[in-house]
Amino acid sequence: MHDVSSHVGHHAPPQGFFRKYVFSLDHKVIGKQYYGLGLLAVLIGMVLSWLMRIHLIAPNATIPGLKWLSSTGAPGGVMTPEYYLQLMTMHGTLMVFFVLTTVPLAGFGNYFLPIQIGAEDMAFPRFNMMSFWATFVGFCVLIAAFFVGDGPPLSGWTAYAPLSVLAGAGPGQAMGQTLWAVSIAIFCIGQLLGSLNFITTTLDLRTKGMMLMRMPLSTWAWFITSCIGLLAFAVLLPACILLILDRVAGTSFFVPSHLVISDQVISNHSGGSPLLWQHLFWFFGHPEVYIAILPAIGIVSHILINSYRRPLLSHRVVIYSMIAIGFLSYMVWGHHMFVSGMSPYSAVVFSFPTLAITIPATLITLIWIGSLYGAKLEVTSASLFALGFVSMFVTGGLSGFFLAQPSIDVYLHGTYFVVGHFHMVMGVAAIFGMFAGTYFWAPKMFGRMMSETLGKVHFWCTFVGAYCIFMPFHYLGLAGNVRRYSAFVDDYLQPLLPAHKFITFAALFTGAAQLIFLYNLVRSRFAGPPADENPWHGTSLEWATSSPPPWDNFGGRAPVVYHDPYQYGIEASSGDYVMQNSPEQIQTVREDKSLL
Amino acid sequence: MAKFVAVTLIAIAIGSAIPILLHIWMPPADISTHGHLIDAQMADTMVEAGICFIAAQLILAVFIWLAASRPSGYKIRNFPGGSFVLVLAAFFLVGTEVLALGFFGTKAWANIYFTPPSADSLPVQVQAGQFAFYFRYPGPDGKFGPIHPEMINEANQNLFGIDVDHDQDAKDDIVTAEMGVPANKEVHLLMHSKDVGHSFYVRELRIQQDFVPGLDLSLHFTATKTGRYEIVCTQLCGLGHYNMKAYLNVMSPTDYDSWIKQQAALQ
Amino acid sequence: MATTIDAPPSIKNPASGTRRVQHIGPETPSTGIWIGLAAITMTFAAFTSAMVVRNGSAPDWRHFSFPPILYLNTVVLIASSLTLRMGQSRYLRLVSGIADSVSVVRALYGTLALGCLFVVGQYAAWLQLRWEGIYLATNPSSSFFYLFTALHASHVIGGLLGLIYVTSKLHRGILYKSTLDAASRYWHFMGVLWLYVLGLLWFRI
Amino acid sequence: MSVPVRHRAVIFFCALLTFVAGSVMFSQYKVKAAALSGSSISGIVRLEGTAPHQRPIDMSKEPSCALMHKANLVTTESVVAGPDGGLKNVVVYISQGWTGPAQASTASPILDQKGCQYIPHVMAVNAGQPFKVLNSDQTSHNVHPMPAPGGANQEWNKSQSPGAQPIVSSWNGEEVAIHVKCNIHPWMSGYIAVVKGPYSITNQKGAFRIENIPPGDYTLSAWQETYGTQTQKVTVAAGKPATVNFAFKAK
C-alpha cells in the first residue's frame, strides 16, 4: 500500500541528519547510497580478483596481509585451493549482484529516472528506501560469510546443487553457504521493490508533454530493465527459498538419493533434482545479464548522442531493439545448460533464440556507429568511456556466436572462453557504462566538475588494460584451459602459464589505474570547480535544474516538455541544441522518420 | 586524444587477431570420428566473428578519427540511407549469418548427439566423485554388478560399492583408475556421479558432458589415434576441482586386450 | 502525473460530524498493485513449475489427503472478499454523501476479522498435519504443501496490514478511492490466488 | 608486638601460596614415584586365518606420487599381517582402570603425508594432546578427519599445499578411532585413535609394549581398523611385567 502523505514530492524537505542522509525518502540520496554501496562492492570484488590472479601464477606464494583475512583459508598467508574458490564465489556474487545490478540500474536509475521524466520523486518513496536498505542488509549478510566458521561458500556464484546444499561437500558449505542464500534472497526482495517503483514511476509520474517516445534512452533502458528484473528476481527468490529449506529444514528439492560424500551416505535427502536448481537459476541468470547491460546501453546512448551533438539515426529502433532483447532474454536460459544433460533436442531449441539476440544487439551497435558518421564528436572522458563500451560490447557479443552453438559449446563450455565472454560483455562493458555515467553526471550529482585530464588517462589505462586481461581469456579457452581451477597442474596447461602471468600483471596494472578514478572522484567532490546547470549542453530534463537539484528536483514547478529528447545539431538560440522543456520552435528535425 | 584512441583501437583490433591467425592457442589435434564437424563449425564461426570484429573496430576507429577532427561550423550529415540501410543490414546480413551458423551448427550437433550408440560398442562406466574419476568394465559376462552406495569404501578401494561376494554380475567387473580404450572402436560411456556435479572433458575428443547426481547420462565416441590424453573435470565440484583428472589411454586392440587382462588380474 | 493534490473536499455527515473524504487520487497505487500482482504471479508460477519438475524427478511422491478445514477457510476468504466489496460500494455512497463512514468501517472490520480467521484456519490445518505426523521435510508433497500455504498466508497477512492501514486512513478521513481500490484489488487477488493454490494442491497432493 | 592487619593479610597469603605450591610439587613427586615403581604390559597381536586380499592402488592420477611407488606397488592397508600372523597397526590401550595422568606423553606426534600415503597409517594420541600434520609431497592434500558426528570431536577439512607450514591440532575427547581422508587422493586413508593414558601400536611382528604401568587391575583394549576392538583384563604387580596376547579372527 502506498502513503499519500509521502506521495510524490509531498514529503516536506527532510530535517535532521538521519532523515536527510541515512533513512532518506529522497530518490537522489537513495541513488547516491546505491552508488556508494556499488563502489564499495566493486573495490572489494577487485581486490579479491587480484588475490585470485596472484594465487594463479604463484600458488604457493605468501601473499602479505592475507593471513589476517583468514587464518584457516590462508595459513601463513599462503592461499589454499578452497580459499581460492571461496574468494572466487564472493567475487562473482559481489560483482554480479551488488555492482552490475545496483550501480547502473538502482544507482543512476534512482537518481535520474524521476528527474528525466520531470517527476518530483519516485512513486513510492518508502518502498524506495526499503529497497536500498534491504540491498544493504543483503550485502552485510554476504560479507559476514567471510567471518564465519570456515569462511564463505566455494560453490561459485551459480551455487549448483547439490554442492550448494550439502554442508559436508567442502569448507564453507556449512554456515557460509546458508548466509549466501539468505543474502541473495534479501537482495531479491530489495530489487523487486525497486523494479515496482521504477515501473510505476515511469508509467504514472511523467510530467506534462513527456510522452513515452519522448523519454530519453536511459530512462527507457531503466524502464525495460525494471520490467525484466521484476520477473527475473521473482523467480530467483523462490529458488533461494527452496535452497534455504533444503539446507536448514531437511527438505529434498535439489538433492537426489544415495549420494556418497567421503564414504558417508547422505541419508536425510532423497529424490531431489539438481537440474531443477539449474533451470530456476538460469531462468533468472540469463535475464540478469541484460539487467546488467541494458542500463549501460541506455546510459551510453544518452551520452553518445550528447557528445555526437546529433540525435541517433533512429530513436525508435534503439528502443524497440532494447525491448526485443528484454523479451528474448527469457527464452534462452537453456544455453547455459547445453552440457548439463538436457535433451540434445532442447539444446537446439535454445540455440536459435540465443543467436537471434544478435540481431537487436547488432541494430543498436550499427545505430551507434552509423550515427557517428558525419557527427561532430566532442571528446570527453564520458564520451570516451561510452565509445569504449561500444568496442567492448562488440567484442564480447561476438564471442557469444561460439557459445550460442551447442556443437562448439561442447568444446568451450567450462573454459576461460566463457569467462572472457561474460567479463567483456557483461562485466567490463557494464562497468564502462558506469564510468561514462559517472563522468557525465557527477557534475549534476555533486555539483562539481571532475578532472577531464585524469579522466582521459584513466580511460586509456582501463581500456587497454581490460583488453589485455580479457582477450587472452578467449585464447586460453580455445586451448581448453578449464575455468575455476585454483592451480594449473594438468600437463597440457603448463604451456599456458606465461599467458596467465601476462593476465595477472595486466590485472594488477588495470586495478591500480582505478585509483586515478577514485582520486578524481574524491578530489572533485571537495575541490572540483563548481558545475553550472548544463555543463555538457544537454537537452534532457536533468539539465533543466540546478546542480545538484533541490530536494523536489524542480523547485515545485513541474517542467513541461515540448520536444523529443535529443534535439541536437540544429540552429537555435541556445546554440546547437534545444532543451526538452524550452517552448522554442524547431525548424530542422534531425531524427530520421523514414522508418517506423 | 581522439586520434590517439583511434590508433589504440586499431592496434587492439590487429593485436587481438594475431594470435588467432598465427594459431598460437588452438584446440589440439582431434582424435575422434566426430570432432572434424565441430572443428569445421568452429572455423566457420571464427571467420565470421573475426571479420565482424575487425570490421567493427576499424570502422569505429576511423569514424572516431574523422568525427573528432571537424572544422568549426561543420554541418551534421546523416549516414547515407539513414537507419533504414542499417536495419536492413542487421536483419538480412547478420540475420542470415547467424541463421546459417545456427543451421550448420545444428547439423554438426545432430550428427553427434541424435544418433544412438551402435550395438557392438564397448560399454564403460565412469564414476565421478570428489575428486577422482574411476572406471568400470563389465568383464567377460558383459554385465555390470549393481552399485551399493553404503558399500562404497575408498580406503579398501571398493570404489563403486560393488558386492563381489553376493552379486554374480559383479564378480568379474574390472575397476580401473585409468581409462583404457581400443582405438577405432566405439565406446559407450555410462556416466554416474557419486556425490556432486562433475564434468567429463577430453579436449582431443571434443567431448564435454556434465555428471548430474541422480541422473545417469551416457555418451558415445570413437577414438582414432593411440596415445595418452587427459580427462579433466570442468564442473566446479569442490576444493580439489583443479586436480580432478584421469588419463585416457587409447591403445591398439591387442595392447588393449593385454591391458584389460592385466587390470583384471589386479582386482 | 506529478500534479499537486489539493485538500480533499469535506462532506457534512449526519452520523459522525464532519468527515473529509477524497474520492479522486493519484493513480500510482493501482498501477503499483497491478505490477506487484504480476511479480507475485511470477513467484507462484516459479514454485508451480518447481513442483511439477520435482514431482516428475523421482517416484518418491507420496499423496496425502489434506485437512478438510481448508475448504472452510476457502469459504471464509471468499466471504471476506464479499464484505470488502460491500465496503467499496458503501464508500462510493459515502463519497456521494448518502451513507456514513461507520458503515464502511464496519465492512472493513468484517473483512479484517474474516482475514484473520482465514490465517488462523490455515494454522489449524498445519497443526492437524503435524498431528498426523506430516512435517515439512516428510515428503516433497508435504514440503510443497507447507511452502504454498505459508507463502500465500504471508501475502494474506501483508494484505491484512494494508487493510488496517486503509481503515486508519478512513478514520482520519484522508482515504483515497484509488487507495481503497488498490487494497481491495490485492485482497480479491489473494482470494483468486488461494483458489489456484487449492486446486493445484488438490490435483498434485 | 602487633602486626598491622595489612601485613597479616600478606603473611597469610604467602603461607597459602607456599602450601599450594608445596602440595602441587608433592603430588607431582607421587606421580613420578608411581611411574618409576610401575612395570610394563607387553604382548603380541595375531591374526588367525588368512588376511583379506589387499587391492593394489593405482595413483596414475597423481604422477608425482605414482613415480615414488614405481618399484613396489602400493596396496590398501586395512589388514597388514606378517608371515607369522603378527598383526600390524593395532592400537593397544588401557580402556578401564587407569588412574594416572590422562596425558601419557607431552610429545606431539606427527602425521606425515608422503607419496600420497599417511605415515603412520594408524596413530594414537591423548585427548588434548597436540599433533602435527605435515605434507612432504609435491602436491596439495586436503586433510579431512571425520570423527563420529555428535561426539566431542569436530570434523574438519583443510588443504595443505606443498611446503606449507604444519597443521597443529588436537582432539577434545577420547574416540577410537577417527578416520582421516584426503579427498583429492581418495585412496589415502589413515586413523587417529584418541585414548586416555598410555598406549602402544603394534609393529610388523604384531608386538606392542606399554611402559610404566603402576600396579593394579586394568582392562586392556586392542583396536584394529577392520576387525574392531577386543578387550582383556590384566593385573599388574609391582616390578613384574605383564604379558597379554590378542588374536583377531579373519572373517
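Per-chain numbering from 1; labels A, B, C and D assigned in written order.
Note that a contact is a pair of C-beta atoms (placed from the backbone, for glycine too) under 8 Å apart; a residue touches a chain by one contact, two chains touch by 3 or more.
Source: prediction; values computed, not measured.
Engineer: Most central chain by CA mean?
Structural biologist: A
Engineer: What is the distance, in whole Å, between the centres of chain B and chain C, each centre taken as the mean of its C-alpha atoms?
Structural biologist: Chain centroid spacing, chain B to chain C, equals 51 Å.
Engineer: Quick check: how many Å separate the C-alpha centres of chain B and chain D?
Structural biologist: 48
Engineer: Let me have the rounded angstrom distance from the C-alpha centre of chain C over to the C-alpha centre of chain D, please.
Structural biologist: So the centre of chain C lies 65 Å away from the centre of chain D.
Engineer: Which whole number of Å gives the spacing of the CA centres of chain A and chain B?
Structural biologist: 29
Engineer: For chain B, which residues are shared contacts with two or more other chains?
Structural biologist: Residues 129-130, 154-155, 214, 238-240, 243, 245 of chain B each touch two or more of the other chains.
Engineer: Which parts of chain D, given as residue numbers and ranges, touch two or more other chains?
Structural biologist: In chain D, residues 139-140, 142, 157, 159, 179, 181, 183 touch at least two other chains, as defined above.
Engineer: Do you know which chain A residues sit against two or more other chains?
Structural biologist: Chain A, residues with two or more chain partners: 80-82, 170-171, 256-257, 262-263, 271-273, 275, 487, 489.
Engineer: Return all touching chain pairs.
Structural biologist: A-B, A-C, A-D, B-D
Engineer: Contact residues on chain B for chain D in the complex?
Structural biologist: 129-133, 154-157, 159, 176-178, 238-240, 243-247, 266-267
Engineer: In their shared complex, at which residues does chain A touch chain B?
Structural biologist: Per the stated touch rule, the residues are 80-82, 85, 154-156, 158, 160, 162-163, 166, 169-171, 255-263, 265, 271-275, 308-310, 312-314, 317, 339-341, 344-345, 347-348, 351-352, 355-356, 358-359, 362-363, 365-367, 369-377, 379, 384, 387, 390-391, 394-395, 398-399, 401-402, 404-408, 410-411, 413-415, 456, 459-460, 463-464, 467, 471, 475-476, 478-480, 482-492, 496, 499, 569, 590, 592, 594-595.
Engineer: Which residues of chain B touch chain A once you look at their complex with the stated criterion?
Structural biologist: 1-2, 4-5, 8-9, 12, 16, 19-20, 24-28, 37-38, 41-42, 45-46, 48-49, 52-53, 56-57, 59-60, 63-64, 66-68, 70, 74, 76-79, 82-84, 86-87, 89-91, 94-95, 98-99, 101-102, 105-106, 108-110, 112-114, 129-130, 149-150, 152-155, 161, 194-197, 199, 201, 203, 206-210, 212-215, 217, 230, 232-243, 245
Engineer: Under the stated contact criterion, what part of chain D meets chain A in this complex?
Structural biologist: It is residues 139-140, 142, 144, 146, 155-165, 167, 179, 181, 183 of chain D that touch chain A.
Engineer: So in the complex, which bits of chain D are touching chain B?
Structural biologist: 55-62, 76, 78, 139-140, 142, 157, 159, 179, 181, 183-187, 189
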